[in-house]
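Structure provided below as structure tokens; questions to follow.
Letters A, B, C, D and E name the chains as they come in the text, with residue numbers starting at 1 for each one.
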Amino acid sequence: MTDTQQMLAHDKRRKSINRFAIGSIKILSSLTVLILVVIIGYLAVRGLYKQERTQVSVLPLATAQRLGLSQTEIPFDIVANKRAEFRQVDWNMLREMAQGKIISLRRVTYVNENFFLYVDESIADEFARFLDLASDCLASGGIIVGSFRATVDGAAAHNGSIAIVPRNTASSSLPSALKTIAYEEHVLVVHPTVTQLYGNNMVGVLSDVQVDLLLSGEYSSWVQLHGGDIPVALVQEKTDSSVAREVAGIEGSVGVTTQKDVFRAGEQGFVTAVLQVNRIIRSPNLTFRYLVLPTQESGRFGGIGSIIINTFLMVFLTTLIAAPLGIAAAVYLVEYAKKGRLTSIIRSGIDVLASIPSIIFGLFGLLVFVQLLGWSFSLISGTLTVALMILPTIIRTSEEAIRSVEQRLREASIGMGATKMETIWRVVLPSALNGITTGIILAMGRAIGETAALLYTIGSSTAVATGLSSGSRVLALHIMLTINEGQSFDKAFASAFVLIVVVLIINTTARWMMNRASVKNKGKE
Amino acid sequence: MMAEVAMVPETEYVFDVHGLNLWYGSSHALKDVDMQIEKNSITAFIGPSGCGKSTFLRVLDRMNDLIDNVKITGSVLFDGRDVYVDYDPMDLRRKVGMVFQRPNPFPMSIYDNIAYGPRLHGRPPKSELDAIVEESLQRAVLWDEVKDRLNKSALSLSGGQQQRLCIARTLAINPEVVLMDEPTSALDPISTTKIEELMVELKAKYTIVIVTHNMQQASRISDNTAFFLIDSERCGYLVEYGETSGLFFNPRDKRTEDYISGKFG
Amino acid sequence: QGNKEQAQKPVEVKNYTFGGSTTVAPIVETAIPLFTAANPGVKISYEGVGTGTGLKQLTAGTLTLAGASRDLNSTEIADGLVPNTIALDGLSVAVNKSVTVANLSLAQLAGIFSGEISNWSQVGGPNAAIALIVRDESSGTYASFKEIVLDTQKKAPSKNAIVAKENGELAAKIASTPNSIGYLGMAFNHIVTEAGGKVLLVDGIESTTANVLNGSYPISRNLYLVSKGPLAGGSVEKAFVDFILSDKGAAVVLDAQYIPLN
Amino acid sequence: MQLGLPRTNGVRSFKERSGRIILLLAALVSIATVLLITIFIFQQGVPVFGKVSVLDFLFSTKWLPTGNPPAYGILSFVWASFMVTALSLLFATPVALAVAVYLAEFAKGRRASILRSSIELLAGIPSIIYGLFGIAVIVPAIRNIFGGTGYSLLAAAIILAIMILPTIINISEVSIRAVNDELRYASVAMGATKWETISRVVLPAAKSGIFTSIILGLGRSVGETTAVLLVGGNAAIFARTPLDMGRTLTMNIITDMSYAEGTHLQSLFATAMLLFIVILVLNYIVVRVARHSRMED
Amino acid sequence: MMAEVAMVPETEYVFDVHGLNLWYGSSHALKDVDMQIEKNSITAFIGPSGCGKSTFLRVLDRMNDLIDNVKITGSVLFDGRDVYVDYDPMDLRRKVGMVFQRPNPFPMSIYDNIAYGPRLHGRPPKSELDAIVEESLQRAVLWDEVKDRLNKSALSLSGGQQQRLCIARTLAINPEVVLMDEPTSALDPISTTKIEELMVELKAKYTIVIVTHNMQQASRISDNTAFFLIDSERCGYLVEYGETSGLFFNPRDKRTEDYISGKFG
């Protein structure tokens, strides 16, 4: 009785172990899918959207509204060309523009466009007055002043431009290339002692939350913001006098005012400082323009258009070299190689080649193509290096495909008096085409993602390659260099998303071809 | 040996095999086979599985060349010249076509299947090629069935049609001999009958050699029959060879009789 | 004036490959389109492969002009390479946004980068371990920083530091690693500041162009375009170097956030 | 010949012969490349041993290539490579075997094809993207869980583990599938549960294939450069725990390559040489295992 | 149906199958099979290839569970309890062992092969295990041949020895029934004889069900024989079932007679 009980208990344990093990296997399998989904999902999110953080001296409009600050009525609207990626301007920026100090937008918006300011003549004077500039200053600064039409048409025609038009211009009267952008003016003005160094510390950049706390009187001393041990004194808005002037007189004081007020106080000899605040901007990351524009300054400006072209060039040339070699080698191995020493040496050569890390291929390419043959960092050096690297993939898949061509077809052809070569050319290769192509596509997928083998061979020039001897940066390498040279993580992710999409397309195609081939084969049986 | 050969009237026999031995590596597959194959006739090879029928057939057009480690001794004369000495195998195979057990059309269009051989052996202009294709298909009694879809894949045909296509493909290179290795064993009875009729028609123009497992088939269509057997060391040899009617209804050898009456095999 | 003459002289029309230091790359890459616009037919590319490789390729002859962010060593000089100073580069010290410290003295920097100071509280910050981020030993940036900051205090660089292969990677890693500090070319400051981090004052001095030029900011180095042998008159290489030394070139250098010589 | 074969046949057999030679040459490209790689890497790397003894090179942790006097000890890098590789195998193998078993024994229809596609896609993701993902996700995760900067050998190992999953899964699956069904039936017919059958019969029978897959994964792991470079911290120190930063052999090569010269450069090629030898040894092991298991069958 | 079943004396029959139908996907492989299998006897299944003998055998120990898309209706009682309802398959299979057509020893030592089952179903101490191994091997008449090399790989045995090992392995879990699917078809005549002798010996203690293609074998060793056939829709059914002597020498069904006399199959 106890025996059977024991046995039952044992059986129970076995069954629960079985359930547990199979459950674990299933969970771990799902984990693999999850990993892929997380990787691709993360790349998609980071590739498509970006969340930039910058430090500005003006309070973002949203913050100003939250704080209930009243907006100065300005006598004009500011409209920008949509492609300039302007979102807002402030008084200082407008002033510099009007003075002709900004000639390119790249430092402002990272769009590499020359800057143009168009002003409607009917409000030109008011505009100059608003900026505390002499009205003839506008004429000298390279600003284009004209009728309303000329102004908006000019701004619509130039990618990197801003136009100043009369207030409340109906959006219907604007060309579709233009949009109204926000004007920001409030700053946190403080007494100069606040921003001084105290020991090794200084008041840092304020976050949204810190601004709110500061203005609601939560901080009693600047020490709480890493500054000196000076009490915080809030200066409220005054109608009669300027906040900036007030602040300049009280140690440890802080107030909110307009940039213009600070400027004017400065003119009058009241020394103040402005606190920096953090701004977070969310915007689309990968845009169509980024895809097609040529790359400039090593990726800092422009898009990845030229890089994409280079990538396809590299992959095309690599395939052009590796595919015939690989297929020929596979044909030799299947159709001609006899069992013997030479064959086994060739086979182990392919195996070893397949397992050599790409960094070693890179060094080899550097030594042989770049240095010994003197081809420098060029498309051809990189292409040859990668071609050697993907050779084993092509050989192996082609070999398999050629091997799976039925012997009967070869016999039929030979039986009709064809030579072996004719048989291979006319019967075997066409029949194996699907499998061979699949292998080539897979190899292309490998080539397109390669970095280590290309880093010291293909060069880093971002221009479209004009010949085999020009250096040509490819996408995967561009991602690496974008990180290394620090253009930005967002750009790296945008490029990475493009790369992964291409790789996914390539792999899915290969898989689809493979499935089609196997369905076809089944159909034949 | 050459002396013996000279005595065979060339007009009568296309193949003349003397003292043929064949080894696959170290295993002796065929021993001392002598055989003369008559022109414009159907010769059938019968015998139990593994006795070397296919092997012998492949000797005739040197298809064994494709297999490693095959050793052949003895002489095989075709039209009086030694197949293994005087012929280039490609040349030989143009004159000695082969049809296989399982239909093996190329994975291309019907037209291209037939045109395959002619294109190999010269570059005939389109019009000539069209004529060859039509003629071959007609000879193989397939023309009417496929003339409207010459550009369709050959794999879309039924098994019997595929086999006739393979025969047509062989005829397109205009051979003197057509070797067939169990050409109907993978086919249904109706297709089989069609191909048997076709063979009988073809023998007016070609010499046909056929391997078959189907004794009825051999007795139905062949003029001469060769009976092969394996000995205790699994080595194939020719037991009896002669006119089909004689061999089937009046076998000289006891083993032949036993085999034909179904006692073994 | 010199470069005006050069521009008028017909230069040989062909493709040129320059290359080398990635620090120098922004200057050269900005200059190339301007230069080639003035010299139609000339095509130049710059391969940012690093100072060492660039100089090696220059000696081997596959490059005809190499950017370098460090002084040449004796073998390179013996090989006949000639440095042409084209700009100054201030090295700034940057920290992650989590760091409240805003200034460090040279001595404190030496202490931090030698590993003797390992907690931010030792230099007036919060109680947090310092994460060092440095450049690879063979980079010009590393060599210059070591010479100016560590060698003068007779201290050896700590090895317990994240090593970044390039300035940009270093900046990105400072930006993303809490409590980190690292040094980098001034041109890369914006990467740190855009991510909320900050550039430190050194001995109370801000790392600005003006401060480097007037000598008050202590950490700076020369950037070179190196040629094989002295620049030959009438060559594109000479014309190019002259272009960068011209007024327009100075604008380019400034635009790339380096410091022109004049 | 004197019988006068048609001329065309002469042309055809010439084509045949020369075609064969061309094909042979193509097949020889691989082996020639391997030989050339060996020659060039060794030619550049071996001279370093004229200045540094092999023992110092391999067994010293002192790496001061630009120091005065310089030192070229790569033990820390060998150790980091070892640690990263071992860890990545430790993480990847159980998961990979579970997936391989699942694919070979359980998965059918849509689930199987989703899983299979996922593995193929994982295999196709370029290493630079793994590196980027590592910086953005793995490093902060480690930082949040374990403290420190997050840049660590652990981060590198996790990334590598994901990267070598497909290699181990694919080859293991093939060898698990190759186990004769009759063995499974025999086991099940004796009242074994599915898991007992898998663990006691199927996996032992597939062990040489599984071993091969792990060795190949190891090879991939030890040779990976780009991805680990971005997340490993790259400090030239001797890592005591996986949470320390470290520099692997491949990271060492790629970090200094663009600047190094003279003996320093040679020492990098010598590092590559060591890496190459490791790969050759792994290859040899795979060949031996394959031969051994073939003999057993 | 239960009512009918209840009438069968439980001591006499181990298996009681009623109205069994089985489909592989949409193809109907077994139709309306009724059969009662006698205890301590040898029951043989005969019939042409594809008639469902193996399928039916696999019904008895639920090995068909391993195949996808199998649908089974009807009742299969083992010791009076429904195999598909009242039994856990693992439990059932411990009581109903199976030996396969091709010997399939595990790639481990002879000892471990035999010990495999006992180790699954409990953790017997070494001494007990040794005893089980020896006893099973002795029952399978293999002990003398292998006792000196129990730790050698089972794959080093000859085919016949391997098959006896597989039988011993099954005996080691102490089943009540042993199912054998053509257990000798891959073996030479001498090994076959040995295994036939073994079966006859074993029936004293076990119930044995065997599928065989070899009519002589069935008539030599079995007590009862079941004859299966396929109908025109390729669906298997039971033609005749009864005492072996009766079925072979006095078949009730014309088809049985034809099959036994070799007229088809």
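Points to keep in mind about this one:
As a working rule, contacts are C-beta pairs under 8 Å (C-beta built on N, C-alpha and C of every residue); 3 or more make two chains touch, one makes a residue touch a chain.
Since the structure is predicted, the reported quantities are computational estimates derived from the model, not experimental observations.
Note on connectivity: the fewest steps through touching chains from subunit A to subunit C is 1. Across all inter-chain contacts, the pair with the most C-beta pairs is A-D.
Distances between chain centres, each the mean of the C-alpha atoms, put B farthest from subunit D. Legend note: the chain whose CA centroid lies nearest the centroid of all displayed protein CA atoms is D.
Separating the CA-averaged centres of subunit D and subunit E is a span of 48 Å.
Remark: subunit A and subunit E have CA centroids separated by 67 Å (rounded to whole angstrom). Computed from the mean C-alpha positions, the centre of subunit A lies at a distance of 29 Å from the centre of subunit D. Centroids of subunit B and subunit D (each the mean of its C-alpha atoms) stand 53 Å apart. Residue numbers of subunit D whose C-beta contacts span two or more other chains: 12-13, 135, 193, 196, 230, 254, 257-258.
Of all residues in subunit B, those touching 2 or more other chains are 90-91, 121, listed in ascending order.
Along subunit A, residues 14-15, 419, 422, 456, 483, 489 each make contact with two or more other chains. Residue ranges on subunit A touching subunit E, taken from their complex, read 6-7, 10-11, 14-15. Interface residues of subunit E facing subunit A in the complex, by the touch rule stated above, are 88, 90-91, 120-123. For subunit D in complex with subunit A, the touching residues are 12-13, 15-16, 19-20, 22-24, 26-31, 33-34, 36-37, 40-41, 44, 94-95, 98-99, 101-103, 106-107, 114-115, 117-122, 124-133, 135-137, 162, 165, 169, 193-196, 198-199, 216, 219-220, 222-226, 230, 250, 253-254, 257-258, 269, 272, 275-276, 279-280, 282-283, 286-287.
Taken together, the subunit E residues at the contact with subunit D in this complex read 61, 63, 66, 68, 90-94, 97-98, 100, 102, 104-108, 116-117, 120-121, 155, 166, 169-170, 173. Residue ranges of subunit D in contact with subunit C, taken from their complex: 64-66, 135, 139-140, 143, 148-151, 229-230, 233-237, 245, 247, 254-262, 264-265.
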